[in-house]
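For reference, the structure I am asking about is given below.
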Amino acid sequence: MAFTVRQKILFKHCDPAGIVFYPRYFEIMNDCTEAFFADALHWPFEELLKTAAIPTAQISAQFQAPSHHGDHLDIALGIARLGRSSVDLTFHATCGDETRFTAQSTLVHISQNGRSQSWPDALRPAFVPHIIGDQNDS
Amino acid sequence: MAFTVRQKILFKHCDPAGIVFYPRYFEIMNDCTEAFFADALHWPFEELLKTAAIPTAQISAQFQAPSHHGDHLDIALGIARLGRSSVDLTFHATCGDETRFTAQSTLVHISQNGRSQSWPDALRPAFVPHIIGDQNDS
Amino acid sequence: MAFTVRQKILFKHCDPAGIVFYPRYFEIMNDCTEAFFADALHWPFEELLKTAAIPTAQISAQFQAPSHHGDHLDIALGIARLGRSSVDLTFHATCGDETRFTAQSTLVHISQNGRSQSWPDALRPAFVPHIIGDQNDS
Amino acid sequence: MAFTVRQKILFKHCDPAGIVFYPRYFEIMNDCTEAFFADALHWPFEELLKTAAIPTAQISAQFQAPSHHGDHLDIALGIARLGRSSVDLTFHATCGDETRFTAQSTLVHISQNGRSQSWPDALRPAFVPHIIGDQNDS
C-alpha cells in the first residue's frame, strides 16, 4: 500500500524555464516523508527529533518529464526495504497518467549521539503495510 | 582536471539538527554547475537559456558525513562522460580530509522545443580538460 | 472577510535555532497569495501569468513571536486597499491565540511589457468581500 | 562606511517571469548580514549561535526594479541605529547605477533563554564605523 500526497506545483517551485527547479523536488519529497511519518506512522518529525534524527544517507531521482506551474502531482511513497535501523523509500510522482519523477532514498534512524539505533518496536507494525518490495533485515 | 568551488555552509543551509538540510545540497550542486558553465566553459546559463536549456535528467547523491554551519566545503566537479547532447557530471565535496558527499548527475542539452540537440562544436574543446572518466559518445 | 490558510510548520521551514527561518515566511506568504488568487478570485497564477504578472512592489513584516516545528499557523489574508492596478494585502498569522507575525504587501498588476494595467473589470467584484480596510482608488 | 557584498543573480533565484523571486532576496539579505557579522564584526554566526541568537524582529523591503538572471548586484549594508541589544540595518542593492531594492531590518540580540541582552562591550567598537544614520541608544 502506497501512501500518497497530492502537491500542486506552485510559483515558488518553478524556474525561468517555467518548470520545477529540481532541488525543489527534494523539498517536496522531504515534505512527503514528513507527512508519512506524521500521518501513517503517527510519529511526527517534531516528536521524533526530540530524541533522535533520521538523516538521509543517499537519494537518487530520475526526472522523466517536466512539471509545470499549476500541475497537480500525486506522489506515492512506499517502503522498498525495512532494516533494523534504516528504511529504503521509493517515490513515484505522476500527473494524470504521466510519470514525472521516480526516486529512491535511504533514511537511517540515529540517536542524538549520532549512532544508528533500531526503530522502536512499537513503530515497526506501522511500517509494514507500506512495504512494497522485498523485506530484508539489515 | 576537476573544477572546484569553495562554499561556506551558511545559516540558510542548516536544519534544526544544525546540519545541512539535504535539498540545500542540490541547490549548492546547481550553483557549482552554473559556475562551471560560466567560468570553465564560458557559456553562462543566462546566455545558454536564451536559446536552449539543460535540464537534469537524473541525479544521485551519497551523504557520507554531515556538514555543520561554518564548515568550508571544497566541491570538485568533473565530467564522467561527454555525450553528443548530454553530459554526466560527478561531484565530490570535502571538508579538509573528510568526504561529505559524492554525487552524479546527467544533464541533457535541449532546444527550446524540448528536443535533445548536440552540444555546440565550439564548446566541446572546453569540456575536454574536465573529463575524468571514460569518454564515450552517446 | 479574511481568507485564511492553515500551514503546518515543517522541517524545511526551520533553522538551527529550531524556529522558522524568516525568508521561509515570505515563501509561506507567497503561497497564501497564490491560494487567494486561485481559490478566492478564481484567477490562478498559472493562468494570470500567461498574459500578465503581479510583482510585489514592497513588503513589510513584523515577527512578534517565534514559530516552532510542528506548530499550526492560521494565516489570514485581507485587502487593505484596492487600487486601479494595485492591491495592498495584509497578513495576520496566529497559532492558537498568539500572533506570530503580521505583514503588509503591495502587488502591482502589470502587462507583459512591464506597464501597470487595470485589474480586469470581471475580477473586481471578487476582491470586494475581502476588503478589510479603506477602499481608495489609486 | 557601508559594508558591501557582490551577488550574482543565479538560476536558483529566478522565477518563471525570469526575475528574482522576492523571498530569495531575503535569503540574499540574510547572507549579507551573516557576511557582515563574520567579516566586519569578526563574530561569525556559527560562533554567536553557540550562546545566543539574533532573530529578525521586523523587516521591510521596497523592490524598485526587477533583477534578472546574470545581473551582478552590489548590496551595501549599513547600520541605521545601534541600540543596547538591537541594531537597525539598511540594505541598498544596485546593479550599475540602478537601485534594485532597499530594505530595513531590526535584529535583536537574545540569550539562549530568549531574553534580550546587551551587545558584548568588545563588539561595539566594531559596529561603529558602519553606522550611517543617527546613533541613539535604546
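Every chain is named by a letter (A, B, C and D) in the order it is written, and numbering of its residues begins at 1.
The rule is short, and it goes like this: a residue touches a chain if its C-beta (ideal position, glycine included) is under 8 Å from a C-beta of that chain, and two chains touch if they have at least 3 such contacts.
The shown structure was predicted, so the numbers you read here are calculated from the model rather than taken from an experiment.
*Asks:* If every chain is reduced to the average of its C-alpha atoms, which one ends up farthest from subunit A?
*Replies:* D
*Asks:* Determine the centre-to-centre distance between subunit A and subunit C, using the mean Cα coordinates as centres, and give it in whole Å.
*Replies:* Whole-Å distance between the two chain centres: 29.
*Asks:* Could you state the distance in Å from the CA-based centre of subunit A to that of subunit D?
*Replies:* The separation of the two C-alpha centroids amounts to 35 Å.
*Asks:* Please compute the C-alpha centroid of subunit C, do the same for subunit D, then give the distance between them in whole Å.
*Replies:* Centres of subunit C and subunit D (C-alpha means) sit 24 Å apart.
*Asks:* What residues in subunit C touch two or more of the other chains?
*Replies:* 11-12, 16-17, 21, 23, 27, 30, 49, 69
*Asks:* What is the shape of the graph in which nodes denote protein chains and edges denote touching chain pairs (line, ring, star, complete, other)?
*Replies:* Its topology is that of a complete graph.
*Asks:* What part of subunit B is in contact with subunit D in the complex they form?
*Replies:* 10-12, 27, 30-31, 34, 44-47, 49, 68-70
*Asks:* So in the complex, the part of subunit C that touches subunit B is made up of which residues?
*Replies:* Residues in contact with subunit B: 11-12, 14-18, 21, 23, 69.
*Asks:* Tell me, which parts of subunit A touch subunit B in their complex?
*Replies:* Per the stated touch rule, the residues are 16-17, 19, 21-24, 26-27, 30, 49, 53, 55-63, 66.
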